[in-house]
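Presented sequentially are two complexes of chain A, the first with chain B as partner and the second with chain C.
Up next, the complex of A and B:
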């Protein structure tokens, strides 16, 4: 086990592809760390440099403060679980798991003992004499994790280990992996494009985009205080709504603006964040913070954003519904516990309370104001509304 | 239950219309003619091999030997057949082994470092498309100078030259199908290059290697032109041993038939093996899932 430091890490593929750009991360000993990003964001390149499959073009990687970026994977004593084709197909599970030990020329007693240990740990004792083709996807992944753990690695790397499994199994393995990591205390890094995986499993995570680190922090921090519109939209159960309000004019008790030509009203509190000279605001709100109202409904007695539009589509999610409202050329999603059925093209009003509003710089997309309401508050709000 | 009630239950196939019947008959007739055309020479060879000398030219010819004999096999073996089989085995096996030893690393490099649609892969394969008569003159002149004329080593080199491009191309295509993550996993598991090669790459490539080996063996076994030009009395491969029957006198057709039949044996076995491996090399054996 070790702490891991990435120091000004850069990776170029050829002269034109700058896949990883000046990444600095420190991962604590025993931490479960997530690398999250869309495909092509450089997260897998970072992982491949961590395990030693790729060499950094610039910068260094340190385990417990000792540079390792010129060392082989074996010298680093790292392990990795791949997304697919993780097991050697011509070997049984037992041969797969024992391979790293056989390479290290461990004695046959040691091999038998270690294999039995991890097999018990991962509950795969019954699978040991099967080949990959005789196991389900989830079983294969469990054996792959056993092969990774059998050598007591300094660092365990997981490259989308459960991404291709079906939903139920994924949910179960998420929990299993988290418990396993806690129990063993092995420093672990998981690469994923799925915010839910990153949120639920890791202690801290980094969001990457186009080879650059966007934000590092706990799931709560990133969810409640995203540094820019990209992180806000990418991270979360549902993507954050980000839309543009232009022609903003201070009307004394509120700010009047337009969303794609449609009149809109913004709370006065945003005034000091607005760059009035440009009169354009980039507004964000999580779907759970947005309310959808019919003409007959009374507006809540709090300050907030309002605009009118039409229902584009509704999606039933069981205990809530996702209503997409089209306001001129922009669309806003709302997650509402409101059980009423909305018709397609029905005229509605969108209301976002002031405490759920994010404000982004309309040029740089950096966050200028965070919503004061947090994820916990939102859930509480939804529950109280349902009650 | 009466026949009348059962009649409508007959499958519709029973009521073939006339044109369908005629069509079917014509198709079968064409197929039968084709099969006869293909098999007749082989069948005649087989019959000839078992006929005693006196019966060969009996008029009218007999379809089956009246006094079947094995004397042609014994005679054929001693007049050059045995020698031919030995020399062919030496040359074909050696050149195949050499092709695989040289071809596998080349194929690996080609598969992992170059694009599948690149010029290099095609250029290598195009060497195989040369008419054999083109390189054979160069080989003849070179081998005279290098004292490789009429030697096993010379012929092995020539066959390796001819078969290597195909072996490389085939193996490269096969290795491309093997996901890289197996090699990555082996590196992370700490396997040195040789272990990775022996424990992971070689077993996973086995069907491809078998296919390449069988094809290379077949080409070398059947090859005639190179052995005709590049060897004399010292190395006599099977095709040349057969051809030698026609050189001096009226050939002994019975012995010729016997050697021909024996020469086909290994090919039949190889063809059978190849079918199995060709199928395996393109099916699920690999993916693991």
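Up next, the complex of A and C:
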């Protein structure tokens, strides 16, 4: 087991593709770390450099402070679980799991003991004599994880290990992987494009985009303190609404502006962005922080963002519904426990309490103001008042 | 709906069997297959049966004596001649020397080509040329190339001070020369089959092996070779069967000579049947070859089937990914 440091890591593919741009990360010994980003963000390239399947163009990788980026995967003693299809198809599960030990010329007693250990750990004792083609996708991935763990690696790398499984199985393996990592204490890095996987499994994670590191922190930090609009939109159960309010004018008790030509009202607290001479604001709010009101509903008594629009579509999620409201050319999603059925094209009002508003720089997209952590509680209070 | 009912009623009125989903009656099936079956019966099944019959008779074409049944007589005479055993040896040289060498060289070229990333298709197509040429062209090209007087090979060898033999006419070198030409012509087929096998191994398998600490040699013997085995078996069987049928290059380059040194079983069969018109004996020789070929092929298949290796293509989890873990 080891701590891992990525120091000014760069990767070029050919002269024109700068896949990984100056990435600096320190991963503590025993930590479960996530690399999150959309496809093409460079997260897999980082992982492949960690494992030793790619060489960094510039920068260094250190395990416990010792540079390893010129060493082979074997010398680093890293293990990797691939997305899918990486079991040796002509071997049984037992032969697959024991292969790393066999090429290291371990004694047959050691092999038998270690295989039995990981098989118990991953609950695959009954599968040991099956070939890959005789196992389901979930079973294959368990065997792949067993093969990675059988030789006590310094670092366990997981490349979207459960992305190809069905929803229920994925949820179960998420929990299992997390417990397993905690129990073994192996430093682990998982690459995923799924924010839920990243949030639920890891201790800390890094969000990447276009080869650049956007933010490193705990799930809570990244969810509540996103550094920019991209992280805010990418990270979370539902994507954050980010929309533009322009032609903003200070009206004394509030700020009047327009959303795609439609009049909108902003709370006075956002005056700071007007103070630096801007007339345009980039506003963010998580769907759970947005209320959708009918014309007949009483307006909430607190300050907040208000605008009118039409229902674009509603999606029933069982205990809540996702209502997408179209305001001129922009759309805002609201996740609401409101049980009322909204009609498509029905005129509605959108209300976002001041506390739930994020403010981004309209040029750089950097976050200028975070929503309050207690925004959710406040929203619940407002809802009970309105009802 | 109405149309369908009428159509169905019509066919039942005519007493036909009910139509299948694709609208073809069983009688229709027979009618469509008929010409092909008839062709096979006339040009393949009947001659084959006649061959078996002839091999038990004294049938000699062009000699007006009555044909009589000799039982296993033809076979007994054949196995007592040294010429039979010599031809068997020549056939064995193709089946047991040329074919294994083709497999070995084909494997090496396929491994090299698989490592090439740019222009693999171009190299592969170029290397396939010998296989695509007509056998007669191959024969004449080699005859010219090896000609002791005009041929470039001997000119070159003399140029560097050697005294080369007259390859195709030399009692020592004629058979090795034919084996070399056979290897030259058919190694590309082996190469293309094995290359397809190598391409079917997912890159992730190689990467997994690298991460698992497997050296290049270990990866080849433990992972690549077993996954390549089914392709290897296909190439082996195809080439093994063909090795019994080598005829054209012998006919053009040596005519079975000098003497009968380069006559294999196929050439001997031809010589018996069309040179001496001994159809009974020639038929018996064909039957012997068929038996040897069948036994040999079954041995190869049995050898591979015992390992029971699934191909890389069927090992993907996509088909059954939905089951529970």
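Observations on the structure shown:
We take it that the second predicted complex is superposed on the first by the 368 of 387 C-alpha atoms of A that agree within 3 Å, B and C clash if a C-alpha of one lies under 4 Å from a C-alpha of the other, contacts with A are read in each partner's own complex, and residues count from 1 in each chain.
As a working rule, a residue touches a chain if its C-beta (ideal position, glycine included) is under 8 Å from a C-beta of that chain, and two chains touch if they have at least 3 such contacts.
As the structure is a computational prediction, the values presented were derived from the model and not from experiment.
On the shared subunit chain A, the superposed partners chain B and chain C overlap sterically.
Touch criterion met: A:90 reaches chain B and chain C at once. Applying the stated contact rule after C-alpha superposition, one finds that A:82 touches each of chain B and chain C. Once the two complexes are laid over each other on the shared chain, residue contacts for A:100 go to chain B and to chain C alike. In the superposition on chain A, A:113 makes contact with neither chain B nor chain C.
With both structures placed on the common chain, the touch criterion links A:166 to chain C but leaves chain B unconnected.
Residue contacts after overlaying the shared chain place A:137 against chain B and chain C alike. By the document's definition of touching, neither partner reaches A:179: not chain B, not chain C. In the superposed model, more residues of chain A are touched by C than by the other of chain B and chain C. In the superposition on chain A, no contact is made by A:55 with either chain B or chain C. In the three-chain superposition model, chain A touches both chain B and chain C at residues 51-53, 72-74, 78-80, 82-90, 99-100, 103-104, 131-133, 137, 140, 147, 151. Only residues 202, 204-205, 207-215, 218, 222-223, 226-227, 309-312, 314-318, 320-325 of chain C touch chain A when the two sit together in their complex.
The residues of chain A lying in touch with chain B in their complex are 51-53, 72-74, 78-80, 82-90, 99-100, 103-104, 131-133, 137, 140, 147, 151. Contacts from chain B toward chain A in the complex involve residues 179, 181-182, 184-192, 195, 199-200, 203-204, 284-289.
Chain contact summary for the complex, chain A toward chain C: residues 51-53, 72-74, 78-80, 82-90, 99-100, 102-104, 131-133, 135-142, 147, 151, 164-166, 169, 172-173.
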